[in-house]
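Next up: some structures, all given as structure tokens.
What follows is chain A paired twice: with chain B in the first complex and chain C in the second.
Up next is the complex of A and B:
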């Protein structure tokens, strides 16, 4: 059974590989169109973010809600109503190097994450990458400090509103265009100055909404996993 | 339209990614496999960077260094505990 499967897989792979375009020969028309129109139309210098949060912003909204629903599923499965609050176990980090280096890393990662979101439509980055980076910089608090310090940040009272506002904010920006008599998620505001934070029209708002949603979603995910699986081990 | 050709840096990175992917599969111990997978992830980040796709590189960076290892480590902690 193994050898026929390998032969079939190899045949399919070879078949698909002989038909792909040669290296550097890009065939799709949309890339060329977008490369030409993004800067004059939207004044955004990062075409990728302009595509994700403006030209196909509706698809990105769907992706955002996929994450939202996935996290809701995890929360439904793992969150317990009466989780014992007595988990103030002595989990202080013994190593000074981990504490000092890690604490410095928290600040650096936080700054990089905020830069990734804020300048996502000027330089490489954007709400999704920046959001995960933001969440991971806060997960570092759990790694370098105590569980107590972490549970100050990662509690449902703090995170759930951020996730809701992030997911809802995206839709609100879209609805604002509907109220103005335009199509859903039409870029309302003026394009601004290229290469600065004041560019991209309403796409930066959508970008920040996505960043907030992703950061909160990942933090909720890690919080539920840590509370359900890691704290019982301590 | 300019036609790009494969520069040596890109060929070297492609070879390293192929080698690292094989190593991930060949590592049998799960905890060690996460570390090897982290190296593989970083190599993919470099690959996307040398192929001029910094946005994809950033996505790969956050997924391979944060999202994936944390979930897998927690899954291992869970299964060891049983």
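Up next is the complex of A and C:
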């Protein structure tokens, strides 16, 4: 059973390799077209972010809701677990070096994350990448401070509104175009000045919505898993 | 070597599949699945590479400079997000399985239910 499967898989992989274009000889045309038209049309200098939040904006909305639904699923699956309420008493980090260095790292990571989101359509970055970095910078609080400090950030009361606003804000930007008599998620507000924060029309708003949604979603995931896996071991 | 990136993608895919098939632990299995999925990132980026092309970002770079395909890069971004959500769901399910029947071994789950 094993050998025939391997032979079949090897045959399929070889077959697909033969037909694929040679490495470095991308045939296009969509990539070439986008690289040409994005800057004149939208004044966004990061073509990848422009593709994600403008030209493929509708797909990205679906993607955002995949994340939203998956997080809802995880919260539902893990909510039955018994939570040990007494465990957050004696988990202070003893080392001063860890506390000081870690706290500095939290600030640096937070700034980098906000820069990644804010300038996501100008320089490398974007709502998704920056959102993950934002969530990671706050998870650092759990690592370098106490569980108590972490649960001040990571509570349903704090995170759920952000996740809702992130997911809903994306749809609201889309509906705004619909109210204006244009197609859903049509880019509004004019292109602005290339290479500055004032560019890209309504795409920066969608970008921020995605960043908020991703950061809140990741923090909720971390919160649920820390409660379910780590706290019972402490 | 113009086929090397594709071979790397194929190797990552196969080694991940091997891990899934031989896995004796649900968390190990979930990680192997993400290894398999990583091969699609390599494949997508390799398909969109243009010989001598720079990143598709035109801040301080003249428009019309040779750049790689931005579409496959945005697809890779989607791919990573989906991978993470799937991983989160599998880990949550694994935790549920463990609290139900006290095992993480996929084979033993089948035995206990059969």
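By our rule, the second predicted complex is superposed on the first by the 226 of 234 C-alpha atoms of A that agree within 3 Å, B and C clash if a C-alpha of one lies under 4 Å from a C-alpha of the other, contacts with A are read in each partner's own complex, and residues count from 1 in each chain.
By definition in this document, contacts are C-beta pairs under 8 Å (C-beta built on N, C-alpha and C of every residue); 3 or more make two chains touch, one makes a residue touch a chain.
This structure is a prediction, so every number in the text was calculated from the model and none was measured.
Of the two partner chains, chain B and chain C are each touched by A:25.
After overlaying the two complexes on the shared chain, residue contacts for A:226 are found with chain B alone; chain C is out of touch. When the shared chain is aligned, no partner comes close enough to touch A:211: not chain B, not chain C. By the touch criterion stated above, A:63 is placed in contact with chain C alone, chain B being left untouched. Shared-chain residue A:36: touches chain C; no touch with chain B. The larger set of touched chain A residues comes from C, when the choice is between chain B and chain C. In the superposition on chain A, contact of A:124 is made with both chain B and chain C.
By the document's definition of touching, of the two partners only chain B reaches A:116; chain C does not. In the superposed model, A:48 lies in contact with both chain B and chain C. In the superposition on chain A, A:133 contacts chain B only, with no contact to chain C.
Residue overlap on chain A between its contacts with chain B in one complex and with chain C in the other: 23-25, 32, 46, 48, 124, 126, 128-129, 225, 229. Note for the complex: chain A touches chain C at residues 9, 13, 17, 20-26, 28, 30-32, 34-36, 38-40, 45-48, 50-52, 56, 59-60, 63, 66-67, 70-71, 73-74, 77-78, 81, 122-124, 126, 128-129, 195, 214, 221, 224-225, 228-229. Within the complex formed with chain A, the residues of chain C that make contact are 2-7, 10, 13-14, 17, 46-52, 55-60, 63-64, 67-74, 77-78, 80-82, 84-86, 88-89, 91-93, 95-96, 99. The residues of chain B lying in touch with chain A in their complex are 1-6, 54-55, 57-59, 61-63, 65-67, 70-71, 74, 77-78, 81. The part of chain A that touches chain B in the complex is made up of residues 23-25, 32, 46, 48-49, 116, 124-126, 128-129, 132-133, 135-136, 139, 218, 222, 225-226, 229-230, 232-233.
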